[in-house]
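Structure record follows, encoded as C-alpha cells.
Order as written gives the chain letters A, B, C, D, E and F; numbering starts at 1 within each chain.
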Amino acid sequence: MSLLKLGIPKGSLQEATLDLFARAGWKITLSSRSYVPTIDDPEIECLMVRAQEMARYVESGALDAGITGHDWVVETGAAVEELSELIYAKQRLSRVRWVLAVPDDSAIREPRDLEGKVIATEVVRITENYLARHGVKARVEFSWGATEVKVPQLADAIVEVTETGSSLRANRLRIVDTVLESATVFIMNRTAAVDAWKREKAENLILMLQGAIAAASKVGLLLNVHRDDLPAVLGVLPALKKPTISALSDPEWVAINTIIEEAVVRQILPKLKAAKAQGIVEYPLNKIVL
Amino acid sequence: MSLLKLGIPKGSLQEATLDLFARAGWKITLSSRSYVPTIDDPEIECLMVRAQEMARYVESGALDAGITGHDWVVETGAAVEELSELIYAKQRLSRVRWVLAVPDDSAIREPRDLEGKVIATEVVRITENYLARHGVKARVEFSWGATEVKVPQLADAIVEVTETGSSLRANRLRIVDTVLESATVFIMNRTAAVDAWKREKAENLILMLQGAIAAASKVGLLLNVHRDDLPAVLGVLPALKKPTISALSDPEWVAINTIIEEAVVRQILPKLKAAKAQGIVEYPLNKIVL
Amino acid sequence: MSLLKLGIPKGSLQEATLDLFARAGWKITLSSRSYVPTIDDPEIECLMVRAQEMARYVESGALDAGITGHDWVVETGAAVEELSELIYAKQRLSRVRWVLAVPDDSAIREPRDLEGKVIATEVVRITENYLARHGVKARVEFSWGATEVKVPQLADAIVEVTETGSSLRANRLRIVDTVLESATVFIMNRTAAVDAWKREKAENLILMLQGAIAAASKVGLLLNVHRDDLPAVLGVLPALKKPTISALSDPEWVAINTIIEEAVVRQILPKLKAAKAQGIVEYPLNKIVL
Amino acid sequence: MSLLKLGIPKGSLQEATLDLFARAGWKITLSSRSYVPTIDDPEIECLMVRAQEMARYVESGALDAGITGHDWVVETGAAVEELSELIYAKQRLSRVRWVLAVPDDSAIREPRDLEGKVIATEVVRITENYLARHGVKARVEFSWGATEVKVPQLADAIVEVTETGSSLRANRLRIVDTVLESATVFIMNRTAAVDAWKREKAENLILMLQGAIAAASKVGLLLNVHRDDLPAVLGVLPALKKPTISALSDPEWVAINTIIEEAVVRQILPKLKAAKAQGIVEYPLNKIVL
Amino acid sequence: MSLLKLGIPKGSLQEATLDLFARAGWKITLSSRSYVPTIDDPEIECLMVRAQEMARYVESGALDAGITGHDWVVETGAAVEELSELIYAKQRLSRVRWVLAVPDDSAIREPRDLEGKVIATEVVRITENYLARHGVKARVEFSWGATEVKVPQLADAIVEVTETGSSLRANRLRIVDTVLESATVFIMNRTAAVDAWKREKAENLILMLQGAIAAASKVGLLLNVHRDDLPAVLGVLPALKKPTISALSDPEWVAINTIIEEAVVRQILPKLKAAKAQGIVEYPLNKIVL
Amino acid sequence: MSLLKLGIPKGSLQEATLDLFARAGWKITLSSRSYVPTIDDPEIECLMVRAQEMARYVESGALDAGITGHDWVVETGAAVEELSELIYAKQRLSRVRWVLAVPDDSAIREPRDLEGKVIATEVVRITENYLARHGVKARVEFSWGATEVKVPQLADAIVEVTETGSSLRANRLRIVDTVLESATVFIMNRTAAVDAWKREKAENLILMLQGAIAAASKVGLLLNVHRDDLPAVLGVLPALKKPTISALSDPEWVAINTIIEEAVVRQILPKLKAAKAQGIVEYPLNKIVL
C-alpha cells in the first residue's frame, strides 16, 4: 500500500494541530509510552517533529510532507514545496512576525544603529540575512529561549517572534522593524510532490483541513421568506456565495439556507428581521467546501 | 464614532455572561493584567462592575447600560429603565427569590413575629421596606456574606437569596416568607434610552442575546414524510410555530424542518416514528429569531 | 403515576452513561450528599448500582430495568430479559472479551494445560463453566481487582476482561483463549417486561438512547447539484439510506441532504467535489432515528 | 541473600502505608508501568496486594508477611500470626468497627429482629458467624461496595465498616450493634515466623514502624531551669518517662530535654512558664524508641 | 464547663489562621456541610466570621474574642479590647496600610484637592474621619470590591488597602497619603476580658500562638567548641538571649545550643566556622517561649 | 555596595535550585510579570538563564557566577572556573552521563561503526570531539529535543543525556558508549574569582548550599546511656564523626547527640537498643557544617 509520511509539529502548535485533524476527519492518538502517534488512516504514517526541524527532514525525504512555519523553512534554507497556508490557530506560527526589538529606552532607532552590537535570537540565519540586506555588521547569538529577557543585560537587541506585540510591551521592549512575516504552511518534499498518489493524498488532506478551518469561523443560516420580501432579504445577505433557495409546500413562501461568517451574524440578523424574514435559525458547521 | 458604555457583572454571573455574549456573537476578553475587558466591537466599551453597584453607575451615566439583577435595582433605588429580562443561567440572580428565613426550631412563624428582633441581610433597604409594609420594627444589620450561618448565634432571622432553597435546608433554615422575586435584567440609563443610536444598539444586542438564549434550550428537527402521512405527523408536532414544509424531488414526499424544545424531543420522537415519519434527525442550534 | 425503576451502572461506565442519557434527553444529577440521583422525568426513578450487582437486583424486581454488561448477567446467572445492546463508550463493558491469560513465558498453551493450576479472576462462575466445558479441573480464586499483576507470584493464570489487549501486553501476559464476549446491555425484569406501560417506557427510552448513539458517529451533509450532475453525485454517496433531494427555486438545481458516517466524509468529500457538487456543508447531529 | 516477601496494602491504606515506611526509613517506589514496587532494601521484596486478599496469600506462603486489617484475617479465616497492631492513619482499617446498621425508621432494634431479612455486606463470613452466635437466620448477600445506599431498597440491613459513624448518619442509618472491632495489623506466615532471620527482620521493621508512629504524635521539649526551680518544673512535666537533665556551664542552672505528647503541649507550656522555666523550645521528631 | 466563644476570620486570612492554630496546638476542622468548625478543645467554641464583622459581634458579646484587623475595629467603631498583635502571615490584614490613591495622571496631589470629588472605598467611616481631620468635603461611596479599577471612570480617588503597593502600581495608581496603618489583632469583649477564666484562657491561647509565630522565623543551632575558643564563638552569636552552654564528657569542650533568626544564619555560620566551632547543626523548631 | 551577579538555571533544574536556596537561607521569588527574580540579599542580583547558555554569559562577565551542568561548560568551551559540585537533585544535570545510543537492533556496536552515519544530539561540540578522539567521521546534526525518538527514522544514532537509562530502554535504545560524565557545578568568571569580596561571597554561598545539601540526607540522633554501656553503644555508632557526649545530672548516665546518614538509621537503631541505649530520638536537620 502507498504511504504518506507526514510530520506533525510538536510543541506550541501541537494541540491545535491534533484538534484540526480531528475536525477534518483524522484521529491522531499520542501514546504516553511512545512519541510515534497512531492515526486512523492506513495510508498515512505520522511522526511528531519540532517545527524547527520539520523542513530539514522533509527536504531529506525522511518525511514526505509536514506542517511547520514558513519562518523555519527560510531559517533552515530547506528546498521544499509550500503547498498551502493553514491559518487555524491564534497561536505561535499561525500568522506571526519576527521583529527586531530593543529596550524602550535604547538608543537603537533603525537597523544601521545595530552596527557592532550583540543580537540574541532563535533565528540566526534569518537575522544574518536581514543584517546583510541592510549592510550592517553585528554579532548574532543563538538563544535557547526566553529571548525577551536578555536585553539589556545579555544582549543589545533581539529578533523575536510576536503575534500582537503584547508580550514585548510587557517586557518594556520597542519594535524597531519587521524582519520576516510568517504563517503555518503545509510543505512537501519535491520528489514526493510529483508522485501522483502522494500528491493527490496530500491535496485531499489539505482540502479537508481547509474545510474544517473554513467551518470554524462560519455558520449556517436558515430562514423563511414570503416571495414578495425575497429581494429585500437577499439584499441583506452578503454577496459572497449565492444562497440556496428552496420551494416550500406553501407556494407563497421560500426557504433560504446560506453560509455566512459568524462575525457578521450580529449585524445581519436585525436587518433580516427588519426585512420580514421569519423563523431565522443559526446552526453550527463541521466542514465547508464551497 | 458612537459608543455604548456597557457594564458586565463581575462575580457569580460573570462566566455565564461572557459565555452568553460569545454565543450571541461578541467576544469579550478579560486580560489578567487589567479589569477592563476588550470586546470585538468598536461600538461598545465594556467595564466589569459588581452586580450590586451596576444600577448606581447606570443611573449616574457612568455607564449607558448594564446587566444586573432586578433586586439590586430595587435595593439601590436607582432610577433606570429595565429593557428586558435575560434568563440565561441556572445561577444566582437569574431567577431567584429573596426570602425571610429562620432556624427550623425558631418561634418566628410570620412577619409580625420579627418585632424587636435582629435580621442579617445583604439587602438592607429591601428588608426595611418589607418590614415597613408589615408595620414591624426590627433591627436590620448589613451582612458581608455567609448570611445563612449567622442564625441563631448572631441574628434571629435572615433575608437571603435562594433559587431552589436547598442551601437553606442544608443549613436547617425554614422559609417564612418571600420578600422579593428577581431575575437578571438589561438596564439602561434614562437619557441613553432616548438616544436613537444607543437605543437601537441596545435593542439589537438584546435581540442577539435572546436569540442565543432561545437556542440553548431548543433543537432543530428534520424529517421526511409521505404526503399521505402529513396530517398525522403535523398533529404530533407542537403548535408553537408552523413548521417549514419543503418539496422533495419525489413529489409523493415532503421534508419538514422545525424547531422544538429539547425537553420534549423524547416524547415526540416515538410518536413521529409511529406516525411514519422517516429519516428523523435532531441537530443543534446557535441562535433563533422566530 | 406509573414508574420505571431503573438501575444506572456505578463506576467505570457511570460517566459515559450519564453523558449518553443527557444526549438522549434525560438529565440525571448526582448529589454529593446522596447516592440516589435525581432524573428530570417523573416516570423514572434511578438508582446507582454496581454493574456486577445489577442483574441480581433486576431479577429480584428491586429494579424494573438496568444497564450492565452481558458478562455480569451470565456470571450472576440472573434470569432477566436482555432488550438491546448499547454500544456507547470506548470503555470497559462496552464491547469486551474475558480472556484466559498467562505470563509470556508460561508453559500453559491451551486450556487443558490448566489442570491442577490456580486461576485468579473476578468472574468465578464464568471461569468454572469454561473449565467444565473443557473437562479441566483447576482452583478458581476470586480476585478483588488488579488481577493482571497476580501472575506468576500469586496465581498460574488469570481470566480477565480486555478491550484491545494492550493492558495485558503491558503486563507481559499472553492470551491463551477467549472465555466470553460481552457488551453493554439494557436488561429488564421478566414481569416488568410484560407490563404494557413499563415495556413501552423502556422501548421509548432505548429508541432515544440508540438515536443518540447513532448520531455520535454520523454527520449531516448538505450540498447543491445541477440536475445534469445528479447521477454522478448520487453515485458517490453511500447507498445506506436514500438521501433527501429537494427542489430549489432555480429549477436546474437540486439540494441534497443526507446522513453519513463521519469516518467516511474524508473519502467522499473529494469525490463529491470532483463530481461537481457545490456548497458542500457538513453539520453535527444530536439524534438520528432513520 | 535472605529475603522477606512483604505485602503492602493497595487502596485506601496505600498512601498512608508508603508514607509510614518512608518515615521509618524505607523508600517504596510505585512505577507507573508496573504494580510491583521497588524498595531500597535488598533484603525485602514488596508486592502490592488488596487488604482483603492479604491474609490468604500470607497463609499460603506466597508472602512471608503483610499489613492488613484484623477484620480481613477473620473474614478469610486465614491461619496467620498477628505480630503487632500498627495504628498509623486516621483512615479505614486503622481502628474501625464493623457495625450492623439499618435505616433510621426501620423496625429492626436488636439482632433477633433480623430473622428472615436480607443483609448486604462485604464481610459475609463475619456476618454469618455473628448471626450464628445470636441464633438468627437471615440471608447475607455479598456487596461490591456502596453498601450504605442499599437500604431500604435493596436490603433490610447492612454490616458496614465505620470509624466515627458520620458516613452512616449522613445516609440516615442507625447503628444496631457492633459486629467486630478491628485495627491494622502486621501479620506473618507461621513457617516464616519461626525462621530466625525472617523473624528478626520483621521485628526490626516493626520497631522502626512503631518508632515513626510514636514520633508523629510527640514532640521534643528543651528548657533551662534554675536548680531552685527544678522540683516545680519537674512537677509539671508528665511522669511518663524521666526527662534528661544535663549540667550547664553555669552550675546554678540545668537543661531539660524531654519528649511529650504534642496534644498536651498547650496545657503544659503555660505551667512551665509559671514555674520559671526559661528558653522553652519545642522541636519536631522523626522517630522515637524509648 | 467554661467556654470561650472565639471568632476565626473567614476569607483571605482564613487558611493562614487555621495553619497557625494547628502549629500552636489546636486543630480546627471545617466541615464541608457546615460553616461551624470543630476544634479539638472542649473549652473553645469557634465561629467563622468575616473580618469586617468580627469586632461588631465581639462588642455585642455574641463572641468572647476574635481575630481581625485593627482597621475593622476602627471602621466599625466597636468598643472592644485589643489584647495582642499577631503578625503571622504575609497576607492581607497582617501588616497593611489603607492609602488614598489616584490615577498616575490625576491632578490630585494632596488631601485638600479632594474637595467635591467622589471617593470609592470599603472603609467609609475611616475615610470620612480622615476627610474631617483635613477639613475637606467629598462624597464617599461604599465599594463592594475591585476598588482599584473604579478610577477614573467611576470615581476620582479611592481609599484602598495595600501591603507593598504593587497592585496599585500595576493599576497605574499613585499613592497620595496613608489614611490608616493596621495589623491583625486578637480582640476581646470588655466583659469577657475581666472574667478570670476567660482572660486566662485567652492569654494562654495568645502565648501559644505567639510561640508558634516566633518559631516560624527562628531555628535552633547546636555546635561544639573548645573552651579556648569559647569567647570568640560567643562573640559571633547575637546577644539577644544567652545561649545554653553544657558540659561535655571531654572537659576541654562544651556544647552550645541557641536559638537565632533563620535570616541571619547565612551570615553567622561562616563566622562560627572561622571561630573554630565544630559540628554545627541547624534544626527546625515548632514553638518558642523565651 | 558590592554585588554578585548570579545566574540561576531556568528549566529542569529551576525548582530544585530555588528550593535549595530557600533551605540554604536565601529566598528567591519569581514574579509572574518578569523573568528577573528578586532575592532577599542586597549583595546578590539574580538572573534566570538557561543551563545551556550559563557558561557563555559567566565567561563574558555578564554574570559573576552561575549554576549549570559541567557538560554545558564543555559544550560551550567557555573559559570559567568550576568552584564546586552541587549534588542536590535527582534530576537532569545533577549527576548524569551523555551516552551514544542506537536502536536495540542496530548493527552499530562500537564507535568506529559510526563512520559515515548521521548522529542527532543537543551537544554537537562534545560529540564532534568524541568522534575525533576515535578517529571517526560522521555527520552530527543539532537536535532541538526529543532526540530519543529520532532513531531510526531521522538519524542512525544519538548522543543523549541519561541518569538511569530507563528512558532510553523505554524507547528500545541500546547504550554503546559513555561520551561524557557530568554534574551540576557552581561556576565563576575568572576575573570575579580573584576579586576578594566576590570570592568570599561565593564561597560563603557554597558553604551554606553544601550545608543544606548535607542536611537533606542526614538526621540527628539523641540517646541516653549508662556509663557502663557507653563503649558498646559507641561501638555501634558510625565512626565518621565523634559524637557529642554530655554529662547528665545523674552522674551514672550520659547523653549522646550525633549526626548520621538517614539511610543507616534503620540498621543502627535496633543495635543501639540491644546495646541498652535509652530514650532514643531521631530529629530532622536544616543545615550541617561539620
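Criterion: a residue touches a chain if its C-beta (ideal position, glycine included) is under 8 Å from a C-beta of that chain, and two chains touch if they have at least 3 such contacts.
This structure is a prediction, so every number in the text was calculated from the model and none was measured.
Following the contact convention of this document, A is the list of chains adjacent to both chain B and chain C. Common neighbours of chain A and chain C (chains touching each): B.
At the interface between chain C and chain D, over half of the residue numbers appear on both sides, which makes the contact a same-residue one. Between B-C and the choices C-D, B-E or A-C, the pair with more than half the same contact pairs by residue number is A-C. Among the remaining chains, the Cα-based centre furthest from that of chain B is the centre of F.
Placing every chain at the mean of its C-alpha atoms, the farthest one from chain C is found to be E. Between chain B and chain D the centroid-to-centroid distance comes to 53 Å (mean Cα coordinates, whole Å).
With centres defined as mean CA coordinates, chain F is found 38 Å away from chain E.
Chain C and chain E have Cα centroids separated by 59 Å. Residues of chain A in contact with two or more other chains: 33, 170, 246-247, 283-284. If the chains shown are joined wherever they touch, the resulting network has some other arrangement, not a path, ring, star or complete graph.
Pairwise, the chains that touch each other are A-B, A-C, A-F, B-C, B-E, C-D, D-E, D-F, E-F.
Residues 24-26, 33, 40-41, 204, 207-208, 211, 215, 220, 241, 244-247, 254, 257, 259, 283-290 of chain F touch chain E in their complex.
Within the complex formed with chain A, the chain C residues making contact are 219, 222, 224, 246-250, 255, 262-263, 265-266, 269-270, 272-273, 278-284.
Within the complex formed with chain B, the residues of chain E that make contact are 10, 33-36, 47-50, 52-53, 56-57, 62, 143-146, 148-149, 153-154, 170-171.
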